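What follows is a group of structures, each given as structure tokens.
The two complexes that follow have chain A in common; it is paired with chain B in the first and with chain C in the second.
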Partner chain A sequence: MVWIFVLFFFFPKFPFIGKYLSLGTEVMIWSLFAVGFNILLGYTGLTSFGHGAYFGIGAYTAGIIFLRVYPGFWVPLLLSIVGGALFAGLVGLIVAKKRGIYFSLLTIAFGQVFYFIAFRWEELTGGETGLSKIDRIPIGIPGLFQVKLSNPINYYYVCWAIFLIATIVVWKIVHSPFGKVIQGIRENEVRTRYLGYNVYFYKWASVTLSGAFAGLAGGLYTFLINSAFATVLDWTQSGNVVMMNLLGGGLVNFFGPILGATIFISSRDLLSAYISRASFALHFEIDWLFIYGLIFVFVILFIPTGILGLISGKKRAVLR
Partner chain B sequence: MEEFLGEFSSFVMIGLVNGLIYAVVALGFTLILGVMQVINFTHGVLFAFGAYFAFTAQRYFNLPFWVGLIFAPILVGVLGIILERVAIRKTYGGNPLFGLLLTFGMATALEAVIRMVPIWGKVGYSVKAPEFVAGSIELGFMTYSKYRLFLAALAMLIIFVTWLFLEKTPYGGIIKAGAYDSEMIMALGKNLPRLRMYVFGLGAMLAGVAGVIAAPIYSVKPAMGTDILMPAFLIVVLGGIGSFWGSVIGGLIVGMSKSMIVMVFPRAEDIIPYVIMAFILIFRQRGLMGEKSVLEA
Partner chain C sequence: MAAILATEGLTKNFGGLRALDSVSLQFEEGKLTSVIGPNGAGKTTFFNLLTGLIKPDLGKIIFKGEDITKLPIHGIVRKGISRSFQIINLFNEMTLFENVWLGVQAQQGHGTEFFADSDRFRSIRDETFRVIKETGLAGKEETPVKLLSYGDRRILEITLSLTPKPTLLLLDEPTSGLVSEDRKRISEFMKKISSRLTLVVVEHDMDVVMSISDHIVVFSQGGVLAQGPPNEIRGNQEVQEAYLGGQYCLV
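Moving on, here comes the complex of A and B:
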């Protein structure tokens, strides 16, 4: 575990790639989202296709609180966790009764409603134009010390620290008695219920917790790009986070989501650059989403347990 | 009063027509979901392909509307069968995650294909309604587009024929049995892989035919598939998974509620179906007509 964070810590010093600080920050934010999401996907075994919504809610919460209530850093960020957890908790009340494909279908159905709300409630969310001018104001103890977050390198390390803490929290959660129960639900829900556990509550808690981490990631993302748009709520975000988990091997390894998010975010930028160059050479515009879709298909068909699953030779998803 | 009545009934008609299109799309979607347990994200893009095939037949081959109406759904059905044979069947019986992500990737790629095809491109097109139903009709208190009435009749006919097929033919019996217990179907000597392939083709055809009939009233554009897919999810959830009439009634509820709310509070147009869905789920866990099924156990 340690070496991952060591790598991220020294990333800004790396030759050639170290200067892409904003990309590095984005990778950590998505990694945080994906690791938290894996509580639900990998450990509870429930496929939510709607968690992009809670990322978006976190993003908007941070933006709205910053612009209207309290122009700080920690308060909007903390409330973005609350926002993600609150709405995930509300939807969770309904979806936690289900499992398998029915659960997925309900999460998809509910996932898009927040997108429409953000789009239509212009007074609050800025509608199509979204929110902007969400600055990163300095943090610290007044009079004692101050960190200027507007400097990308400082923000990078703040995100690094939050990412580290969040990952430790998720590790503690999935290795606690609670974590054992949700894994029990994944293996056999009916048996877990017969053992006397309130399965509904555990599933609801799992949805809500992963929603809280999604909200935190969303809040950090808003401060990274200094704005919030309705596209952060789009359902493709939900697909992306599932894909990151799967690609890295989140179904077989705790750290899979981090690997997946790293590859996903960095290759997205790289690939789209290469594809536009290839399109130019071929005099035919290759749509980047075409390649993106085919990669999804390829991963599902050929490396369903992800990269870490492929390396460790695991054919079946077993995560402990 | 007269004016209000006219306006009101024209909104009812819009809701009815949209609702019927939603219902046809949702029927194919729920059929695939029920038999294969796959949440088919390609369903929307298959709808779009139906519309684009019809558009191509009309614009580039000068063929009359009915040719597109017959052949476009067949082509879409074949496309669906190809997708099923090449990839989707590999996800059967596993974690629902895989079918979901696979079709999600396919839908993304196929939508990009629409944008990449030179004669289709990124812009929106319109398809002309057939001659004999062009123009509008005077109904006393309102005037109404003849094509929309024709579309409503056509959609009802499609729903009726699908119902006849599922309820009154032996094939329908096998399909329904396959949704209930696929192992038993195999044990009875039916060819399950082939059954699933045909069901996928049938579902795709329903999406395609909905795309064709919707083409003259919707703008034919690459994102039209995504736009129709969301209502389909809602309809299947609020109507009840695997329920034929649940999908039809769900489609009408979504179509009607959207057009009704426009009269009083236009901004809620996209949100009202979600509110209704949430209410229905609170009181009826499995949707309006949903029964306890093998999908939840």
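Moving on, here comes the complex of A and C:
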């Protein structure tokens, strides 16, 4: 575990790639999202295709609070966690009654509802133009010390610290008695009920907790790009986080989501650059989504337990 | 004798099929009751209804004087009714230890601690080891359940149904698929636990049924055909004809 964070710590000092600082920040934000999401996907065994919505709600919450209520950093960020958890908790009341494909379909439906609300409710969300001028104001203790977050390197390390803490929190959760129960639900929901557990509560809690981490990631993302757009709520965002988990091996390894997010975000940026160049040369439009779809199919068909599953030789999802 | 469990006109339809037709039964406290009957007679449906897996279309279930018909599974389990499954139903990818741990953890009222290291719960740990030792599976704690022998998994199936510490235990074909040596082991085990709780057992092996039961209930086509002590059932002409159909011999 330690070496992952050591790597991220020294990333800005790396030769050649170190200069892509905001890419590094984005990778950590998505890693945080994916690690939290894995409470639901890998540990509880429920596939949500709607958690992009809570990422988006976190992003908007941070933006709206900053612009209208309190132009700080910590308050909007804390409320983005609350926002993600609150809405995931409300939706969870309904989806936690379902399992399998019915669960997934319902999460998509709710995700789309939030997307359209964000798109249409212009007064609050800015509609199509979104929200902008969400500045990173300095943090610190007045009179003692101050950190200028507007400097990308400082923001990188704040994200690093939050990412570290969030990962430890998720680690604690999945290794707690609660973590044992959700793994029981993944393995055998009926038997878990017959041991006396209120499975509905545990599924709801799992949806809500992962929603809280999604909200936090969304808040950090808003401050990274200094704006919030409805596209952060798009269903492809929900698909992305599932994809990162599957690709990296979140079904077999706690750290799989981090590997997946790293590969996904960096290859997306790289590939889109290459693809647009190739499209230009070929006089033929190739969309990044096309490549994305191919990768998705490839992963599902040939490496269902992801890269870490392939390396460790695990053919089935067993996560501890 | 006081009935620990009573059903009143319990009825369940699956589409056009009446799986259970107005079943009213009483189970006496401390007794071992066997439920027999041909396949499709409604025995497993009866168990599913009693434990809340499915809800009846009509009728009531009274446990210790309380109507539990509308309770969810975990509510019924916490009241003191537990069951085992005809088809082995375990946490296959987990180890034997983890399987029993989950049961013990629930019984001790834990599970909602989000932020506590589960290894620190010494009482769960000690009890888990104790339960495994009692079942005779000690030494296999770290074996994934899917790699255990069929007989061992059968025993674990019953063990998991005991971890909620029920006062009423329903066992659905506990000896199904076992060789005679294991059958003996399990029927002796049932005799042993029947001294401290009320047992209801669905069983096909007539030797087992006749030797362990205080009371026998015969199901046929979704209803109760007959009930009584073993020797009475053994001599019942109607049971011989309707249920056995010449396939088995009750003597």
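Note that the second predicted complex is superposed on the first by the 320 of 320 C-alpha atoms of A that agree within 3 Å, B and C clash if a C-alpha of one lies under 4 Å from a C-alpha of the other, contacts with A are read in each partner's own complex, and residues count from 1 in each chain.
Methods note: a contact is a pair of C-beta atoms (placed from the backbone, for glycine too) under 8 Å apart; a residue touches a chain by one contact, two chains touch by 3 or more.
On a predicted model such as this, the values are computed, not experimentally measured, just so you know.
Of the two partner chains placed by superposition, only chain B is touched by A:Val297; chain C is not. In the superposition on chain A, A:Tyr102 makes contact with chain B only, while chain C stays out of contact range. In the superposed model, A:Val113 makes contact with chain B only, not with chain C. Once the two complexes are overlaid on the shared chain, A:Lys13 sits clear of chain B and of chain C alike.
By the document's definition of touching, of the two partners only chain C reaches A:Phe178; chain B does not.
When the shared chain is aligned, chain B comes close enough to touch A:Met243, but chain C does not. Considering which of chain B and chain C touches more of chain A, the answer is B. Touching of chain A by both chain B and chain C, each in its own complex, is seen for residues 190, 317.
Against chain A, the residues of chain C that register as touching in their complex are 51, 53, 72-74, 77-78, 82-83, 89-94, 98, 101-103, 105-107, 110-118, 121, 124, 160-161, 163-164.
If you check the complex, the residues on chain A that touch chain C are 169, 172-173, 175-181, 183-184, 187-188, 190-202, 205, 209, 316-318. Those residues of chain B lying in contact with chain A across their complex are 33, 37, 39, 87, 90-91, 94-98, 100-102, 104-113, 115-116, 230, 233-234, 236-237, 241, 267-268, 270-271, 274, 277-278, 281-282, 285, 295-297. Here chain A touches chain B in the complex through residues 41, 45, 47, 49, 94, 97-102, 104-106, 108-110, 112-113, 116-117, 119-121, 190, 236, 239, 242-243, 246, 284-297, 299-301, 304, 317, going by the rule given at the top.
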